[in-house]
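All chains are identified by letter, namely A, B, C, D, E and F, in their written order; residue positions are counted from 1 within each chain.
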Amino acid sequence: PEMKEFIQMESQRAQLQAQVHKLTDICWEQCMDKPRDKLDSRTETCMTNCVDRFIDTSLQIATRFQQLLQRGQ
Amino acid sequence: PEMKEFIQMESQRAQLQAQVHKLTDICWEQCMDKPRDKLDSRTETCMTNCVDRFIDTSLQIATRFQQLLQRGQ
Amino acid sequence: PEMKEFIQMESQRAQLQAQVHKLTDICWEQCMDKPRDKLDSRTETCMTNCVDRFIDTSLQIATRFQQLLQRGQ
Amino acid sequence: QVKQQIALANAQELLQKMSEKCFKKCINKPGSSLDSSEQKCIAMCMDRYMDSWNLVSKAYGSRIQRERNR
Amino acid sequence: QVKQQIALANAQELLQKMSEKCFKKCINKPGSSLDSSEQKCIAMCMDRYMDSWNLVSKAYGSRIQRERNR
Amino acid sequence: QVKQQIALANAQELLQKMSEKCFKKCINKPGSSLDSSEQKCIAMCMDRYMDSWNLVSKAYGSRIQRERNR
């Protein structure tokens, strides 16, 4: 049982990391202009907002999708 | 044998759906400007034409590719 | 043992081909304007430079990444 | 069960695509929350994406039929 | 057989890429059929994509050789 | 060992992404070698991409926490 839990946890971790790669890609395209010496605060704010707004978007879409499915049944 | 057929059919269905996802992606980029209240008829025509022209393109390329292969042998 | 070597070689060849597909995609976007009758010499030079500069970029990044990892340990 | 897994995979792929496409279409500068116009845009975008998916699915299906009957 | 499967996978990947790239390069507004200039563009685009693939393949191969000999 | 494989896959994915993103940001016309301004750009781009990855990772983690506690 420990082995199973360990594998589940690691597989979940791999999924989270895949999501981080995808979000970094999306938000890099949205927020990064020319790379500079440092992440300036405007880019930093844009990045964290981008992550949260992307998740908001996904949640809104998933919620509405479920409603449509239930209405359809 | 029924099980095998069933699996083949389902796997084929999965491939078709993957293709529908890809075509929707490509034709969405080609035809959709700002999303509105409804799919207007211009966007609708663009979408169906896009699907057919994409398949025409693929068929033209596949046919020519086979000709080149046969000529090469 | 021969079988194993054969499989290793073929799997390596598959990886190289995947890399060629990716590089062709990237350099096609960088160098190809309107497709013409022939690959003109300017596009050709751009293509081969693109491959070498992409590999330079990857090597520079991989080297620096390893340095950062070692410094971090 | 195979059928259900494919249906689920299909729904998940659709949800992912819609999230990416509608985020790109509706959020230009990500702010501290989704404002109402962004929310409205996302809802419309999602509906249009599903319309498009259905349209493409039909067009693709009928094209395959036509090719088979040639 | 492994060899053939890889060759097949390689050809399929190439066909897919060419379809996407040449559709994007040659069809700006999809009409009710491919007109002759679009068909010509697709044929040229396909030939140039294969030229590019061969060029990249050679350049990549010789680079790998150079790196190995360093 | 599973852990190490995931860590390795993660690093490889990051290296691949950085190569593609920084090539696109820093090399406009590929010349016969990387000039010093391109090399500088790549180094900065790589550092910023890693900063971004860390930032996104933190923001995503804390969002998941918030959603769980709701």
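The definition used in the following text is that a residue touches a chain if its C-beta (ideal position, glycine included) is under 8 Å from a C-beta of that chain, and two chains touch if they have at least 3 such contacts.
Just so we're clear, the structure is a prediction, and the values are computed from it rather than from any experiment.
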Path length in steps (a step moves to a chain that is touched) from chain A to chain E: 3
Path length in the contact graph (chain A to chain B, fewest steps): 2
Selected pair, out of B-D, C-E or B-E, that shares over half of its residue contact pairs with A-D: B-E
Relative to chain A, chain with the most remote C-alpha centre: E
Between the pairs A-D and B-D, the one where more C-beta pairs touch: B-D
Taking each chain's C-alpha mean as its centre, the one farthest from chain C: D
Distance between chain centroids, defined by C-alpha means - chain C, chain F (Å): 18
Separation of chain E from chain F, taking each centre as the mean of its C-alpha atoms, in whole Å: 28
Centre distance in Å when chain A and chain F are each reduced to the mean of their C-alpha atoms: 15
Per-residue overlap in chain F, given as positions that touch at least 2 other chains: 22, 26
Multi-partner residues of chain B (at least 2 other chains): 31, 52
Ordered ring members, chain B first, chain D second: B, D, A, F, C, E
Sites on chain D touched by chain A in the complex: 11, 14-15, 18-20, 22-23, 26-27, 29-34, 38-39, 42-43, 46
Contacting residues of chain B [partner chain D, same complex]: 6-7, 10, 13-14, 16-21, 23-25, 27-28, 31-32, 34-37, 39, 44, 47-48, 51-52, 55
Complex contacts: residues of chain F adjacent to chain A: 2-3, 6, 9-10, 13-14, 17, 21-22, 25-26, 41, 44-45, 47-49, 51-53, 55-57, 59-60, 63-64
Residues of chain C touching chain F in the complex: 26, 30-31, 46, 49-50, 52-54, 56-58, 60-62, 64-65
